[in-house]
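Next come two complexes, and both contain chain A; in the first it sits with chain B, in the second with chain C.
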Partner chain A sequence: MNNTILFAKNINKVFGKGKDTVQALSDVTFGLQQGECLAIVGESGSGKSTIANVILGIFPPTSGEITFLNEKLLPERSLMLKKQIQFVQQNPLSALNPKKTIGASIKLALDVHNIGDKSDRGQIIDTLLLEVGLPIEFKHRLPAALSGGQRQRVSIARALACEPKIIVLDEPTSALDVLVQARILNLLNKLRKERGISYIFITHDLAVVRNIANNVCVFNQGKIVEYATTDVIFNNPKQQYTRQLISAIPVIDKSEQILRNKLSEAHNAQF
Partner chain B sequence: MNNPLLKITNLELGFNTFQGEHKILHGLNIHIKAGERVALVGESGSGKSVTARIILGMFDELTSANFSGDILFNEQRLDLMTKAQKHSLRGKEISMIFQDPTSSLNPTFKIGQQFYEVLRTANPKIKKQAANKIAIDWLHKVAITDADRVLNSYAFQLSGGMNQRVMIAMALVNKPSLLLADEPGTALDVTVQAQTLNLMRELVTQENTAVLFISHNLGVVREFADRVYIIYKGRIVEQGKTHDIFDNPQHPYTQALMAAVPRITGGGIPEIDDTSERYYDPIFIHKGGEEIGDPV
Partner chain C sequence: MKKIFYQLTSNPMSLLGVILVSIVILSAIFADFITPFPEHRGAIVDFSNFNQPPHWPNIFGTDLVGRDLFTRIIYAYRISLILGFVVLVISVPIGVSIGLVAGYMGGWTETILMRITDVFLSIPPLVLAMSVMGLLEPSLFNGMMAVTIMWWPWYTRLVYNLTRSETQEGYVLAAEIIGASKFHIIFREILPNCWASIITKMALDLGFVILIAASLSFLGLGVQAPTPDLGSMVAEGGNYLPDSWWLVIFPALAILIAVFGFNLLGDALREILGGEE
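After this line comes the complex of A and B, so read on.
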């Protein structure tokens, strides 16, 4: 089976010069299949947002290459490529223009990428809002008049408006309350299945990853320390760093506690 | 019968706005016994931080804040005290830790100087050298080995985890009987957060310090607290011993919260309403979660 839609090969990213250099990414390699949710997890500073920016073409890698649909991605991205790889970030308020209504923000994406006939765009906006679970009247509102979860739905609707192949999500639910998070995660799952989109889901929250991802890259200091299916990562991780991360998660029920104890024993047994 | 260390009865709070009064707290009853670790858990905006602020007297001069209710601390009515009386309790009898240690530490003074100021609130005559000795001792207690370097540093020169430990040491150095901890460690990575909270729990147990532990994170609460209050939109909806709340949640809102937490054992995420009439159901109090003889 080869439905690889994006492949990142030997990516390095170095910031700064001289003695102030930071190697934010070291030899990062992974593939993304069509319809897959690939999680990138790690602690703060491990390089998660840097790989997101490289994939989105916000800045180029220092070395290494990314192929998308078997074509090498160049630092200068065409409009078509920008349309196909969309971005949803942690703080939807900073991603939305505070002076534009929700409808206008989504319409801008449709206009820029020339999606649908001009006369149909109003209808497309309504359909998108319904698809992400917002009332149609919300198109007249400003972002400030929405809750955090509602704003995140707007960001998702705007990404969907571009009919992307991939959405890069950088901590999309980290600022949300747990009930709101549950609803956004379910929405993302539904959209992925219905539309066959692929996600690169970036987060520091391993419990979220367990319930949303097919495969997981564990990042530590810019390197992938473990890359496996979600089942393997949580039931039989090979690396002690992964076990250590999972063992630190505060859990709420007994079966979780048992799993955590098992992993931390395996972790301690290595010393 | 021993009275609790802190007892809040029928606490109400509202803020004046252009559209009239906006009610935030609708009659909270909370009690904490000496040495007890009690959590107040709920979503953002539910009224956790304002509760801590009222206890500390931080709204006393805010004319837009209207509040009522009794606050009994160590048999004294906090709500009736003068500013000076309250001030003398703060940092000595009652201390506080905030979410973001780097911004709550003063950026312009070295850690050593800040320790000295904290110690002086309890003992105005303390000498710098004596203060230094106590500070080093307490930094050791929070597992900081290079205490001399840390005392000579500014907050921005230390990592988030290190600053959080410094905050814990400063909050406990005067041996308060009550610690208010508002989302401690939330800004830290999970591994650092776990270490920090373990340390804090060991220390408050050793010192018999009571804690009001404010958090939105159920997992962290389960590991830290003896007893739990669940708050929803300014109302306590469930209270009880930690294991009763987690093993046997009874209120629809608590049940929804628990169901929404993603598990490391998987199983997906169920469809849960983020609002519901049932979340306003009356409070459920587990046996052992009430104060004996107290009307709740």
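After this line comes the complex of A and C, so read on.
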């Protein structure tokens, strides 16, 4: 694995003290390639958000280590390392400061990391907004004037503003309706190809995983029960637990599937 | 701003608040031009016209040394407002900063700062102010210091609670992950979300500060003669009830109008700005 930018080795995380402990993560090991989208799936309480927080440095692992480009990640990270790993949250309603304009929220990232000349930052914000598919005028608006999907785009733009190598996405589409979900996933796919960023995509929604991920880590009770490419996971799952997760996806029958493909082809041709 | 003013004047109770507060503030600012006897705010004696019931041109009557009571009252408003303003200008930044830091930092910082605050909160406000005034010499400046010392912990409590809940919000986490400094997160991210509540409390408190200052001078611990003060006017006039009723009734009504007005205004602001108490 020569292109690995992030490697998590034997990560354990125990919450609580004495008798009252919870093993949130046990012996978690995985690697992330440059430009890869790694999905972390599992039911609620399986430890998928815990691993996100450990990677982001919100709290340190109990044992084990994470290396980023062969550099060990410590609990106290330098600004340079913080810049490299960015985050998009689940709830777009609270992720933006209600008292700050969209432009100011994005500008914070540029100011903190001193990206671009001071006079150019307005220009950079415009470019970022266009890149995530929002009109430039939005930078003067407050978050309250935006829909959930638009706010999630702003969160993505803010993460991109740091020019990170990795973006951790914690259920970025689960608070959105299906149509908006699809557009956000398209946007994420496009950005990953254009910018060569890696994603760690945390979700409980396997239908989303199929759309976006190269590799999948299936978590159950803090352990990785299956770790394989998306094709293998969907076509030939080894574990009973993975099969259960997949069988929980709502499906449509063959004729509906054909109709759906036809419709989306027509849609794609149109745009 | 325009919208807030419109909302303030559309509800009868808040309109009353705006009117009362305007009367208080305008009469304090333009006291020199409103009264025909501006010199009566000082040490003046006019024994030809002492202790008179309301009559023209002394519409509120005259006091025991013949000074116009109306003049004394509007100049007392001026002193009360200056006192209230200074107290809030000093105590709000102190209280708010301590509350923000304690609420955001948590841990030992929080324990130490909040326990100190609790000590101040556990002493009855008037008793604390009285003991400070007892130690120091009674004067306007020391009165302001005494009230300030008892006032900041209330803002610490308010802002601490707000900060605790704001810290849970995603935008704070987002700023942390971007790598923003603690100073930025506390004062640029969290503080703007507390302003509505702080401003509401300030409007309410202006009335209470005036009341506390009046209580202190009623007890003889505040502003000293010959400076006009509502509290000492009530205290002095109380000795001559019920015959010289105007000596008490008008200063007391003046206190009532100020406190009531600022309360109505504060309540109205709370509704409009959506602040919490």
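Following the convention adopted for this analysis, the second predicted complex is superposed on the first by the 252 of 271 C-alpha atoms of A that agree within 3 Å, B and C clash if a C-alpha of one lies under 4 Å from a C-alpha of the other, contacts with A are read in each partner's own complex, and residues count from 1 in each chain.
The definition used in the following text is that a residue touches a chain if its C-beta (ideal position, glycine included) is under 8 Å from a C-beta of that chain, and two chains touch if they have at least 3 such contacts.
What you see is a predicted model, and the numbers here were worked out from it, not measured in a lab.
Of the two partner chains placed by superposition, only chain C is touched by A:Phe87; chain B is not. Once the two complexes are laid over each other on the shared chain, residue contacts for A:Leu206 go to chain B alone; chain C is not touched. Once the two complexes are laid over each other on the shared chain, residue contacts for A:Glu43 go to chain B alone; chain C is not touched.
By the touch criterion defined above, A:Gln181 reaches chain B but does not reach chain C. The larger set of touched chain A residues comes from B, when the choice is between chain B and chain C.
Of the two partner chains placed around the shared chain by superposition, chain B is the only one that A:Leu259 touches, whereas chain C remains out of contact. Contacts of chain A with chain B, set against its contacts with chain C after fitting on chain A, share not one residue.
Only residues 43-44, 149, 177-183, 185-186, 189, 204-208, 210-212, 230, 234, 244-246, 248-256, 259-260 of chain A touch chain B when the two sit together in their complex. Residues 169-171, 173-181, 184, 189, 192-193, 195 of chain C touch chain A in their complex.
The part of chain B that touches chain A in the complex is made up of residues 43-44, 189-191, 193-194, 216-220, 222-223, 246-247, 256-274.
Within the complex formed with chain C, the chain A residues making contact are 56, 58, 79, 82-83, 86-87, 89, 91, 94-100, 105, 108-109, 112-113, 155, 158, 162.
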